[in-house]
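Here subunit A shows up in two complexes: once beside subunit B, once beside subunit C.
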Partner chain A sequence: MKKKSLKKQLFYLSLVGLPFIQFLLFYCFVNFKSILFAFQSYDVVEGFAFNGFENFKQIFIDPTGKNTMKYSLQNSLVLYLWTLLFGTGGAILFSNYIYKKFFGSKLFQIFLFLPNIISGVVMVTVYKFILDQGIPLLWREIFGVQLEPLLSQKSLKFGLVLGFSLFMGFGTNVLMYTSTMSGISPSVVESAELDGITPFKELIYITLPMIFPTFVTFITVGVATIFTNQMSLYTFYGADVPSDMYTFGYLLYKEVKQATVIMDYETFTYMSALGILLTIIAVPLTLGIKKFLEKFGPSVD
Partner chain B sequence: MKKSNKLSFNFIITIILSIITLIVMFAIYWVITTSLKDNSDFRKNFFGVPSVWMFKNYISVFENFVLDVTRDGVILQVSLFPDIIVNSLLYTVGGSFVFTLTPCFVAYAVAKFDCKFSKFLYFIVIVTMALPIIGNQPAMIDLLYSLGLYDNILGVWLQKFNFLGMYFLVFYASYKSLPKDYSEAAYIDGASEWRVLLQIMFPLVKSIFLTIFVLHFIELWNDYSVPVLYLPSHPTIAYGVWRMSNSVVTGMNTAPMKMTACAIMVIPTIIIFLVFRERLMKNLSLGGLKE
Partner chain C sequence: MKKFIVLLMVTIISLSATSIGCAKKLNIDESKTQLYVWNFDGGVGHTWLDSVITRFESEKEEADYYREGKKGVEIIVMNSKDSPLKTLKNSSYSVFFLEGVAYNTLAAEKKLLNISDIVTNNIEGENGNIEGKLSSNTAKSLKAYDGNYYVLPHYQSFDGVYYNKTLFDEKKFYFAKNPEEYRSSDPEDPGYGFILNNSAIKTCGPNGVYEDGQGDDGLPSTMEEYERLCNFMVASGVKPFIWLNGANASYQMKLVNALWASLEGYEGTMANYTMSSGTTKTKIVKEFDEFNQPISDEVVISESNFYDIYQQESRYYVLDFCKKVFSNSNYFHSDSLTSTFSQTDIHETFLESKFTSTPVGMILEGSYWENEARDSEALARVIKNHPDAATMEIGIMPLPVKVKGTVAEGEGRAPVVFDMLSSYAFINANVKMKHGEAVERLAKDFLKFCYTDISLSEFTEKSSVPKDLNYQLTSTAKNNMSYCANTVWNAKANGKVVVPISDNMVFIKNPSVFSMYSDSMLWKTTAGVGYSRPWGGFRDGNLSAKNYFLGMKKDSTWWNNLSK
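So, the complex of A and B:
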């Protein structure tokens, strides 16, 4: 009996042991090290030294003088709200259309998901060619006027990149929402249809309340994207993005990428401080939004 | 009145979906036709079908697509075939396998063994999903560097060897929903724990395993940001195409060549999508329904 129990314990250990060690090393230790970095400075000669909140102060001082932090905050929030409103809203409307099997729903489902299958790199490359060469060419042929490449126009490029990121984001959301909607009991829908409910009312009063747990999960998990979403900027422009287009996701990625070339620990410590600061904002925000949605979300009754 | 409301609501959604569909169709058409033009044809004929179908562009990209990378302070040239393709397969297949198998096995242990440590592991998954940690890449790079695993495929596989995230919950829910009768009958017949897992339980979730593996495969095949950061001298195809699309100095810097590289990159994922379309389009849900 004891031998059997030992065998079970060994089996359990063999399944969870190594992944748990990986978790300790690659999650706990890495994040601990990240906190350490945030409170350290680095000098090539003297190495690391504790420097209190100096790295955090630097974030607010903006040593580059390009308002990088201000623009990052502004653009990250715009991107999040845009995605939340039109991305999530659109995904729910499209999912409902597909779930109700309206005209062409199977075809639309495939084409909504295809941008997730085709790499973002490919889609960006095509988008750049069309906007920078194709449309100016058409414009010249139709109106006889030469247009500047659209993605180089200051007034247009942020909006165009924002639109692209919305377009690319529907696939997985639609897949998940459609899958959840397909679990709604047909008898509930049938009885509402007998009462003459319109598709829009059915969406608002039946479908949305029923899929609300999925909605809450998406919104909750998505809060952190305020600070991690790059808006495909690195794919579009590499490291040459003007500071007024920065998002926090892009800033973190670009700075860390450039720092790895020479293992620039000074940048590492600064970026770690920024990461910690954003985490401190993201955690209560995530929990707060989750609680808010659970408290004030639609009731299935 | 009601009928007209119904029509207008659906009509607007149909129009929007049709526009999205046309844009995606056009993007695919444009990649394929541009990849089959020569550069002068492309300049004269931006949107149309090729005047001469240049299938040899594909051979040309396979033969001439090289990238300069710096490894251990030395500048090396890596070619599309075999270097970049091999790197892509190692990153994509290896990474997807590890990334799918780990939550699959840990979820089995947590679902089957109702002990405090299992509850703790489940708690870890929920907490790490709900509480995001941002900007820890410098510390991750430093750790990999210290372990001698930076710019090494093993380092990336180790990063993927984690059970955290949504798919743990998908596996966990699947194992929990399976009846215990099968495994109990096997235990009575003297089967070992491993045998029960591999020959009885795993086959019952293999459909979900395959779906998640395919989703990871597509994600990793298309991903250039992780290889750029963690495998700078081992470019994958996404990394290569990204470098090519932003480059102005290579000899391959023409739209038809760039689109040929894009097409080569897209073909495997499109094939996989067509084969597994039905599987991908259903059976994955997150969060569930209200009772």
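So, the complex of A and C:
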């Protein structure tokens, strides 16, 4: 009996041991250090020292000196709204299309799942090739005029990257919604169809309430990532993104990456403070929206 | 049974996951003392390291004084493009040759071994020590943290403009000294002022020394001439520039920084890091006249007025020139805008362009570019298709030293070039703990050996790039080096190199403001939506040079907020 219990424990340990260590190291330890950094200052001679709330004050002064806080906030919200509208709204419509097995639904399914199968960097490279080499080449062949690579055109930059970001997230949403929709009891749908329901009304009155828990999850997760989504900006443009294209996710990623290269721990302290501040905003917002949707959203009943 | 299979699978997955991180067992010679060396295998490559190791191992063939019972040494090298700086503390490697080394921070973290002894003790067979080969600013800067040496300069890369001299010769892209030898006598003609034929006497170039038509003779000596050269190239069907449109616009910065250093001069450029221009005065723009021309005062820079340095007049003229180049696609090859091309692609396009209908005159690069083109076989591919490419001469271009007119004989300046890479060699502080005292001695001996006159000359011969030390090249080395490598060496030997390091504590304590590796303050503007680099300001923000320049202005509040 004892031997069996030991075996069970070993089996359990072998499954959760590594992930648990990873969680401790890469989540608990990293976040603990970030909290410490947020209240410290650093210089190469004195090392780290307690700095009170100075780093938090610096955030409002804008340490990068390029209005990045203002633009980051603006673009992070724009990105979220587009994700909400297209990423969630569009995904529900597409999922419904696939769920109802309309024309070409299998093809769309494969096409939309591609970004989730292929690595993000590969997708960015393919996208870059299409926009910077493919389209200008096609344009020249058709119109005989040399077109500037699209990703270098200021007026198109933000839209193209935003579009890519939405496309990349679209597949996951469609996958999740489709699988939830496929769980809807066929008898409910059949009964509604016998009553003469239109496809649109079926979506509004049957499908949406049935997938509402999944919808809430996506909205909640979306709110939680408002301040961390970097929109693949670094993969596209590296460190040279105009400040009016910044998102908070990009700002945090880029500043920390650059600081790591030059071992500039002072930037770590500002960015840790910024991270904490954004968490303080994101946590109640996320929980609040979740509660609100659960309370006022449609129910299966 | 099911559980057994699951357990087996988990074990296999865990083992395979952990074994990914294990290096394969090295085949080492147990009779010798081993030293592990990490070399950043970028543009400079590792041929130089192979040579120095061969000589060192041969010299130490009979050495039995490192480890008891062992004779001779064996150096094991990791050539990698990764940076091991984050894992130094636990690394088994003892000697490192890297770039992007924040040596003050690493020294403060006790990750570097104090190597003052090998820097200050005399080198066997030479009349002096390594310290004597360091420039005064480099020596002061390297020991600024606590008076000790922890690193030694490794390779230098002169960022700037590399021009196809063979193309320039063929197209006669040189300024003529005498009006009767001008290609065109019409000042409105783009060819005005350029040589009519190759026997015409050229101007003396930016250094103000006539070299019988060689060196920088005939090349633009002022910003005005540089713009005329570009216009003439465009009129002749030649694209003036090409560059790699890397993700962070760093290649475009090679033009900006190189022009600025050349125009401003050594003292004025170095003052951006040392926070003092000594007794040299630099021109600071106070206002603009009705024709948008800057009106400047000549001032000496010190800590009390350091913030004024961001309004150096030279900066404005560089921005004015770059605005024209970056905003007009006539001035650059269309591949310079495409983000999907690699360095190799750009090298190949540049090298091959001379044999196409769209020749390119100049490439924005670092001194290592030729090595890279050779390693990637871009050069070999071009030579295969166009055998004449084997004799093509491409070299670093001496850049303008004045704004208007032409530099007269005796009034020029030796080239001033920019070294950007923060490349250093050092010994891991953990060497004794990891490998014992014997290997610490061996590491020091090896590093010192790499800085003997013979090794330094051999390094440049094999890598085509210099080091930030004073040394001579042997005549054999010079003969074995390419035309380009020789021009790079001459720029160092005859000119001055701006190495952006300093012993000033404000510089040391504010790396995010002054480090060339980050979004540094050097070209940051608040104009428009705020830009870090002129490329973005001009292309995305459509800023004028004047607006960009005015947005770079700083005041005493900015200075007071820096860590001191």
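Note that in this section the second predicted complex is superposed on the first by the 264 of 301 C-alpha atoms of A that agree within 3 Å, B and C clash if a C-alpha of one lies under 4 Å from a C-alpha of the other, contacts with A are read in each partner's own complex, and residues count from 1 in each chain.
Quick note on the criterion: a residue touches a chain if its C-beta (ideal position, glycine included) is under 8 Å from a C-beta of that chain, and two chains touch if they have at least 3 such contacts.
Being a predicted model, the structure only gives us computed values, none of them experimental.
J.: Since both structures carry subunit A, what do subunit B and subunit C do when superposed there: clash or fit?
T.: On the shared subunit A, the partners clash.
J.: With both complexes superposed on chain A, which partner does A:Gln146 reach: first (subunit B), second (subunit C), both or neither?
T.: second
J.: Tell me which partner touches more residues of subunit A in the superposed arrangement, subunit B or subunit C.
T.: Between subunit B and subunit C, B touches the greater number of residues in subunit A.
J.: Figure out whether A:Thr125 sits in contact with subunit B (first) or subunit C (second), or with both, or with neither.
T.: In the superposed model, A:Thr125 contacts both subunit B and subunit C.
J.: Return first, second, both or neither, reflecting whether A:Leu15 touches subunit B, subunit C, both chains, or no partner chain.
T.: Both partners, subunit B and subunit C.
J.: For A:Ala224 in the superposed arrangement: first (subunit B), second (subunit C), both or neither?
T.: Touch status of A:Ala224: first partner only.
J.: Considering only touches as defined above, state whether A:Phe113 meets subunit B (first), subunit C (second), both or neither.
T.: In the superposition, A:Phe113 touches subunit B alone.
J.: Now for A:Glu266: first (subunit B), second (subunit C), both, or neither, which partner does it touch?
T.: Only subunit C is touched by A:Glu266; subunit B is not.
J.: Between subunit B (first) and subunit C (second), which, if any, makes contact with A:Lys33: first, second, both or neither?
T.: first
J.: Does the superposition put A:Tyr205 against subunit B (first), subunit C (second), both, or neither?
T.: After superposition on chain A, A:Tyr205 lies in contact with neither partner.
J.: Is A:Phe53 touching anything from subunit B or subunit C once the two structures are fitted on A? First, second, both or neither.
T.: Neither subunit B nor subunit C is touched by A:Phe53.
J.: Quick check on my understanding: which residues of subunit A belong to both its subunit B contact set and its subunit C contact set?
T.: Dual-contact residues (subunit A): 7, 11, 15, 18, 125, 128-129, 133, 234, 238, 259-261, 263, 265, 267.
J.: In their complex, what parts of subunit C are in touch with subunit A?
T.: 3, 6-7, 10-11, 14, 17, 85-86, 100, 102, 104-106, 108, 145, 245-250, 329, 334, 337-340, 505, 508-512, 515, 517-519, 524, 526, 529-533, 535-536, 539-542, 563
J.: Quick check on the complex: what are the subunit A residues that touch subunit C?
T.: Touching subunit C from subunit A are residues 7, 10-11, 14-15, 18, 43-45, 47, 64-68, 71, 125, 128-129, 132-133, 146, 148-149, 151-152, 154, 157, 234, 236-240, 242-244, 258-267.
J.: Help me check something: in the complex, which residues belonging to subunit A touch subunit B?
T.: 7-8, 11-12, 15-16, 18-20, 22-23, 25-27, 29-31, 33-34, 36-37, 90, 93-94, 97, 102-104, 107-130, 133-134, 137, 167, 170, 175-176, 178-180, 182-184, 196, 198-200, 209-218, 220-221, 223-224, 227-228, 230, 234-235, 238, 248, 252-253, 256-257, 259-261, 263, 265, 267-269, 271-272, 274-276, 278-279, 282-283, 286-287, 290, 300
J.: State the interface residues of subunit B toward subunit A in the complex, per the touch definition above.
T.: 2, 5-6, 9-10, 13-14, 16-18, 20-21, 23-25, 27-28, 30-31, 34, 46-47, 102, 105-106, 108-110, 113, 115, 117, 121, 124, 128-143, 145, 158-159, 161-164, 166, 192-194, 218, 221-222, 224-225, 228-229, 232, 238, 241-242, 245-246, 255, 258-259, 262, 265-266, 269-270, 273, 277, 280-291
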